[in-house]
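Have a look at these structures, which come just after this line.
One chain, subunit A, appears in both complexes that follow, with subunit B as partner in the first and subunit C in the second.
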Partner chain A sequence: MSAGAAIALPAPAPRERGRGVAPIVALLAPIALINAVGFLAPVLNLARMSFYEVEPTGAMREVYTLATWAKVFSDGYYAGLIFDSITVSLGITLLTLLCSYPIALYLHRSSGTWRTILLVLVISPLLTSAVVRTYGWIAILAENGLVNNALATLGLAKLKLMFNATGVTIGLTEILMPYMILALLAGFGRLDPRVEEAAATLGAPPFTIFRRIILPLTLPGIALGCLLCFVLAVSSFITPKLLGGGRVFLLATEIYDEAIVTLNWPLAATLSILVLIIFGGALMLYSRALRAIL
Partner chain B sequence: MDERPASLPLKLGALVMFAFLLAPLIVVVPISFSGDAYMMFPPSSWSTKWYPAIFADGKMAAAFWTSLVLATVVTVLSLAIALPAAFALVRLKPPGAEALSSFFTAPLLLPTIVLGLAILIVFARLGLLATFPGLVAAHLVVTLPYALRVLATALSTLPIAVEEAAATLGASPFTVFRRITLPMMKSGLVGTTALCFLVSFDEVVLSLFMTGPRIQTLPVAMYHHVEQQADPLVAALSVLLVALTLIVVLVVDRTSGLAKTFVK
Partner chain C sequence: MKTSVSFAIAVVLAGLSAPAAFAQQQTVTVMGYSGLFQERYAKAVVEPFMKANPGIKVEYFPMPNSAQMLGNLRAQKAAPQADVVIMDVSVSKAATDEKLLTKIDEKNVPNVADLYPNARIPDVDGVGVTFDNLVMLYNGEAVKDAPKSWMDLAKPEFKGKVAIPGMPDIQGLSLVLIMDKARGGTDYLKSVEKGIAALGEIAPNVQTWEPKPEVYPVIISGQAVIGAGWNARAQVNADASGGKLKAVLPEEGSVFQINTISLVANGPGKDAGAKFANYALSAEAQKAFTESMFYAPTNAKAQISDAAIARTAVKSMNKVIPVDWIALAKVRDPIMEQWRRKVIPLSR
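Now for the complex of A and B:
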């Protein structure tokens, strides 16, 4: 949902110019205040806190040190955490793309009421609490859940689908699908049905049309969707926590544990900044990929 | 429309993936009518006992009311704060309007886990943790960008000629806004209301950082409940929440159009 957050503003009418600044300031003051107190100050403070000193007792002192940063980069546990977070998120992103592409393409090709119904089916999960959707996945993947009881009925061995990376991957893939579908859909505008028809007329089999026409034309949408899903996967926390059952350790779950359970705020702050650095890296890769495509 | 019709493999692929996408929302419906004491699928017996159980559970009922009041207050404040801001940015067009709107929507770019931690640290010092005003402020940080975005889009697509006509005929700026602009952007207002209410009502990560034993929102109470035991009580609650979401989605579709609000 964070994509395209900027608002398109039309050119000003000439008569609007030269008006007093006072009304503008008055109208913008409340939102500016909330943003300053609830966003700007906290984020700046977070960056500062990552350099605070933590005493062996766990107490925090307002003395600047690089100790927490050094610990994160030298301790193998955190390196593993970063590596796991990135690889699991990449896997989820790829799976989300594979699962979302058929839906997005089908939506692109449907119209009228049918399209609206399908769009409702895509957007409703997006607006449903992650707790509800994760609970649904627990019902499907648990030891007494849908999949395992079906396997047992068929006389097959039960699978361990929860409290491990498999469960987290399945759950997060489904939870991120609506974002991917909407991003793909936004990028499908370049797909001209006449080009596909021309290729078909010239004798291209369906798979060739997909590989040579549809896929290249929809690459910008794919790139945007992958960026969005990767970023959301790295920072998601509810699903890894509930489906991982405290046995899957990722950056986001560690931030929460350090902040709420261990109360090591400088470490939590450092890991948060690290998440933002990973975001920056993903964004750089995205713009580079986009330049290569276009 | 000159769209290509979908081929059979595409239809099948989309069908399977739709089933996957909707599976967790569908599966909670039969479980909510389970007669078992704990969650299993398929349930071994059926009953409707879990729906009244939601309101018999004091914690859940209290959390539900907290969430309802919180979402209402946050929605009203979001409209009251974002509407003047959208008007100032779109109609009065101050210098740097685009930079300002990017700044005001920036909280959406930050992952909620980072935002939650950042707010936790500052609000702890201000004594706002686990208080109602603290929760309202934290939720406003994420609902205001949505509200501003939808309202600014609604305002900028209005035909300005009608407003100018009213002004020419002697209506004061406030009268023009109240009698002309506001009624014309009704669909944007309904969309904003629905979106803000849902974002606040479903918000769980920020709330997890902001709540304590003294005050809990419904998603937080559900999260803690699922963490300990995944019984059918949560399924019954989930069915109610999914129904609420569907109603809101349909309202948005009827008023401002789903595609316009969510597909750019």
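Now for the complex of A and C:
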């Protein structure tokens, strides 16, 4: 699909009144139903559970209390947890963007079989589970792993690359890159090579073309990719668990611990709702950014 | 009527298509740990039980941990699918408080009479079915001198080589309790300051507080060389690794982790469930499972081979520090806070 076509897309023909509403309702009904049963109902249940009373043993009583919410808002630990989750995820998102952008741009410009091969390469990591890929990173980042052995061979000091926030950042960045690349590609529709050529003809140096033409035209893709990766980073817990070494405390890992180890389900539910609120904030920022761009 | 109900449930549950065989059969659904535990338990306890009771079929429903079992029990409260559940004692207490279980005693499960006193836990509807204890693990190839004390974990040569499942996991908590006692702490319900201080000395050496998938392969592979884990799994892993993994009971002692067996309230195969629980607590089943997986037995009459008993904590009971896990639950949050503030930062 050429970018020009996307811009020049004819406006949809005005719909005749009265007709067309029924099919739209019929088409939306299945997904609305699935969402209501599979998403909305569990979330409401979670919200309700966050107000349940919990005993130290983990026994829950269906008595409503604000105790858990009060604890989350009064204990500085949880504020720190929220702050850390957001900043670490933002850092990962930025890193993912920097690593993925050149790849996506190259992919966008390539064509034919080469493009297909590259696309398969980009998508293929998604065929392997994040758990397996994280274990792969352990082999690479461990004290006697690929990187540190290479450093040792060169006579350099070994680095602490995992079981800390560095490891989590490296692992998640790689794991999220395919999503970022695909989102960027989807958002690159407006990028037309003819506009770049026109700028070059008028004497713009490559960096100016990038700054004034390419970057502004790819902003929708950047916004979409960042939203997607941020949400995935905040909610991922396997990679932080495996590469964090019990030193990196994030919302998602805390929810897992409270639900599975400590058995404080109301607290886990409260933190889950907080994550959902953070997602809502991210979504709002995204739509605002999109309106500013378009 | 009863048979037809359990028949229907069996069909719905398993989606099996051999109705004739089930018509006269009762089914007991046992919820328990997955993986190694399931593999060994099926051979040592479930299969002999089915052989002795041809009319009862046991379905083992594996779950990765006690919390998920509790989750299942909660979700199925209105229509339970399981009859028997094997889970950690503190989770069992939560299930008891939520009225998800039926009380086990000598009346419905006669073998309860033969259990050690510490297998009968006040205010918990289930009873102890296995005892496990915390042990120090090390890689025999990398560590030449067998460690004797938990504080060997703080030795400089193990810098960055220690793997301990940290809090909130109860292995980390157990270590705090053991070291608190060793350093003169008197009541862990009031203060574990001394234990936390000891862990603070070990912390700079710790490579990971989250050894995954478990601590045993991490030490066998040499990624870490020393650490802490549960005895039963350590013993099985020691055999599987050809002796590479070694386990010792350090001089400061250890604590018991208790798995309870419980009857699910209104389970579909009620009588058969109690029958299975009774067999699981029998001297015969306890002997078979201890000899297979080295959990210490809870039945005092179990006659276990010397070779197997030597690999449990039974002969070193004087080293086992009594812990009231139920009372401990009340102070777990403050201990966790100290762990976060005084242990973790020292390991960064």
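Assorted remarks:
The rule is short, and it goes like this: the second predicted complex is superposed on the first by the 250 of 294 C-alpha atoms of A that agree within 3 Å, B and C clash if a C-alpha of one lies under 4 Å from a C-alpha of the other, contacts with A are read in each partner's own complex, and residues count from 1 in each chain.
As a convention for this text, a residue touches a chain if its C-beta (ideal position, glycine included) is under 8 Å from a C-beta of that chain, and two chains touch if they have at least 3 such contacts.
Computed from a prediction, not measured in an experiment: that's the story for all the values here.
After overlaying the two complexes on the shared chain, residue contacts for A:Ala259 are found with subunit B and with subunit C alike.
Applying the stated contact rule after C-alpha superposition, one finds that A:Asn164 touches subunit C and leaves subunit B untouched. When the two structures are aligned on the shared chain, A:Arg212 is found in touch with neither subunit B nor subunit C. When both complexes are overlaid on chain A, the residue A:Phe237 reaches subunit B alone and has no touch with subunit C. By the touch criterion defined above, A:Arg288 lies against neither subunit B nor subunit C after alignment on the C-alpha atoms of chain A. Counting residues of subunit A touched by each partner, subunit B versus subunit C, the larger count belongs to B. Of the two partner chains, neither subunit B nor subunit C is touched by A:Arg190.
Applying the stated contact rule after C-alpha superposition, one finds that A:Thr128 touches subunit B and leaves subunit C untouched. When the two structures are aligned on the shared chain, A:Thr116 is found in touch with subunit B, with no touch to subunit C. Shared contact residues of subunit A with subunit B and subunit C: 138, 142, 241-242, 259-260.
Across the complex, subunit A meets subunit B through its residues 1-10, 12-13, 16-17, 19, 21, 23-24, 26-28, 30-32, 34-35, 37-39, 41-43, 45-46, 49, 99-100, 102-103, 105-111, 116, 118-140, 142, 144-146, 149, 171, 174, 177-178, 182, 185-186, 193-194, 196-197, 206, 231-232, 234-238, 241-242, 252, 255-256, 259-260, 265, 268-269, 272, 275-276, 279. Contact residues of subunit C toward subunit A in the complex are 65, 67-68, 70, 74, 90-91, 93-98, 160, 166, 168-169, 207-210, 212, 223, 326, 329-330, 332-333, 336-337, 340, 344, 347-348. Within the complex, the subunit B residues that touch subunit A are 1-7, 9-11, 13-14, 16-18, 20-28, 31, 38-42, 80-82, 84-85, 87-94, 97-98, 100-115, 117-122, 137-138, 140-141, 144-145, 148-149, 152-153, 156, 160, 198, 202, 204-205, 208-209, 219, 222-223, 226-227, 230, 234-235, 237-238, 241-242, 245-246, 248-250, 253, 258-259, 262-264. Partner subunit C is touched in their complex by these residues of subunit A: 55-60, 77, 138, 142-143, 163-164, 241-242, 244-247, 249, 257, 259-263.
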